[in-house]
Amino acid sequence: MNMSDYKPKHFNWLAQNGVAVITLKGAERKNPITFESYAELGQTFRALSRARDIKVIIFGSNGGNFCSGGDVHDIIGPLLSRDMKGLLEFTRMTGELVKAMRACPQPIIAVIGHGRASELLYTGRVMTAEEGERWGFFNRIVGADKLEADSMAMAQQLANGPTFAHAMTKTMLHQEFAMPLDAAIEAEALAQAVCMQTRDFRRAYEAFVAKQKPQFAGN
Amino acid sequence: MNMSDYKPKHFNWLAQNGVAVITLKGAERKNPITFESYAELGQTFRALSRARDIKVIIFGSNGGNFCSGGDVHDIIGPLLSRDMKGLLEFTRMTGELVKAMRACPQPIIAVIGHGRASELLYTGRVMTAEEGERWGFFNRIVGADKLEADSMAMAQQLANGPTFAHAMTKTMLHQEFAMPLDAAIEAEALAQAVCMQTRDFRRAYEAFVAKQKPQFAGN
Amino acid sequence: MNMSDYKPKHFNWLAQNGVAVITLKGAERKNPITFESYAELGQTFRALSRARDIKVIIFGSNGGNFCSGGDVHDIIGPLLSRDMKGLLEFTRMTGELVKAMRACPQPIIAVIGHGRASELLYTGRVMTAEEGERWGFFNRIVGADKLEADSMAMAQQLANGPTFAHAMTKTMLHQEFAMPLDAAIEAEALAQAVCMQTRDFRRAYEAFVAKQKPQFAGN
């Protein structure tokens, strides 16, 4: 499946050279997240597991902001009139988005600030650094002025790299978190042996011996 | 149960506006912890689970120190003549205090320095930052000169906040630590739905819409 | 068993006063690790569990470097012609070294830089700070110019200390990582009671009372 030409209804999607940039709509209100964009983001990240042409995802900014959080009028207000069943539908939908982001093989670049990210994902609950690490997103802190250029450069570098191995790294980070250490060491041994049989491993070796830069193909 | 007028025998207790400050006795010896104060602290934190009027706990200083650790003459010396059964009674009593501090719903403010805190809790064993996070205490580092004022301001802010949600956050931090991530995401969905049915959630919404500061009541 | 006079074939070993310094061979190529030195390191750390005379291990530098990683010609090249069974033999051997380093009771001093250490241990995979903590090595960051003197001073201090308790601390750090917290608190209570019955515990007490420095013997 290819997703370079994907056209979501409730957020913006711009894909080029294996890098997809997601921005939210509504710059005049700092791009609040809505019930609809939550749900469609979840579906999109589920679909990304099967996308062959997308190697890296960026959460980008629209008008200087990524997201103002759950909109008070569009989300918080309506929640007040929901019963427990309705509330759980909402909070589980936000959990589904987190699970889908973890499950997709692509690294996700969100330099948009921890506070902002947490507002998107947890409706106001602050995400700690430990949690951030635990969820296994790839993070790097850069100044706001360099944000977009740095994000894109980092994304392109990842997209041009050994993406099979990147996906394996993301998978192992998540799986090993829940394992006893001896099991994690064995899982790592298997994962490394698998990566050593990719053609990218040979490409890296041959480029090194020839004193050239390797050209990876993600296989 | 109310504990604002609680009168412990082996340490000091000063409670006001929902904030209880605990200080140890014996400033001339830098407030060493004793068998008796260990035991009574454990009982106190167990009782705090049922205290309706105490919202936040501060470990405060007495004469510039919180605690010099287990007193060498009163604790370490007598331990030398105990048999294994007696030693286990002591080390388990210290463990019980840790469990009681985790189990009580109130956030605990200890800015008293990691080294000091660890001496209190682990009889000299150094607590790492990771452990500190794992045990789920709320920490903030501030300069010694501002310590008391900052602690009290922070405590009052927490005590005036949505304390039902604070207690839920503390509970979930502890529970989710031991869960696989998918289970934690579901537990979080439930906890958030529960918090959304508190009146504090509505108060926050209505204050936001009215451009006022919310007045929380912890329910 | 004593290992002060141990003579490994594929790396250097210098032991004095309870401190063993390991350096790799091949300074002209920045000491690449080889199949042979990997295997012998694993065997050595397994043997260290029974060494009575070695209290601390240092990974030292040879010609300003600890290790340049897996040698491209000696390791990476040959791996390309191995089948899956052969690759797993290699990746499991590297895992065995990690397990042996964790299992030996001696603290290990590696200030050699995270990047370098990770190259040694994971064939190029970057080790995160969280992982470093998880694996339970003892780390301290010092400037390159002071590296050897600081490492040796730290090692000698550890070797002269209550080494029974140090070994217990290392064991508990590893075991407790995989335990629910309540189980870890009980395990800690047992470990502390055991340490309180060592003669080093009495030595520390008696030295304190006599206002002298304690002389520990590791028992």
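Letters are used for the chains, namely A, B and C, taken in the order the chains are written, and counting of residues starts over at 1 for each.
The rule we apply is simple: contacts are C-beta pairs under 8 Å (C-beta built on N, C-alpha and C of every residue); 3 or more make two chains touch, one makes a residue touch a chain.
Note that the structure is predicted; figures quoted are calculated from it, not measured.
The rotation relating chain A to chain C, fitted on Cα atoms, comes to 120°, given as a multiple of 5. Although chain B and chain C share one sequence, what matters here is the overlap of their interface residues, and that overlap falls short of half of the numbers used. The mean-CA centres of chain B and chain C are about 36 angstrom from one another, to the nearest whole unit. Among the residues of chain B, none is in touch with two or more other chains. Within the complex formed with chain A, the residues of chain C that make contact are 72-73, 76-77, 79-80, 82, 84, 87-88, 90-92, 94-95, 98-99, 102, 122-123, 125, 128, 130, 134-135, 174, 177-178. On the side of chain A, the complex with chain C involves touching residues 133, 169, 180-182, 185-186, 188-190, 192-193, 196-197, 201-202, 205, 208-209.
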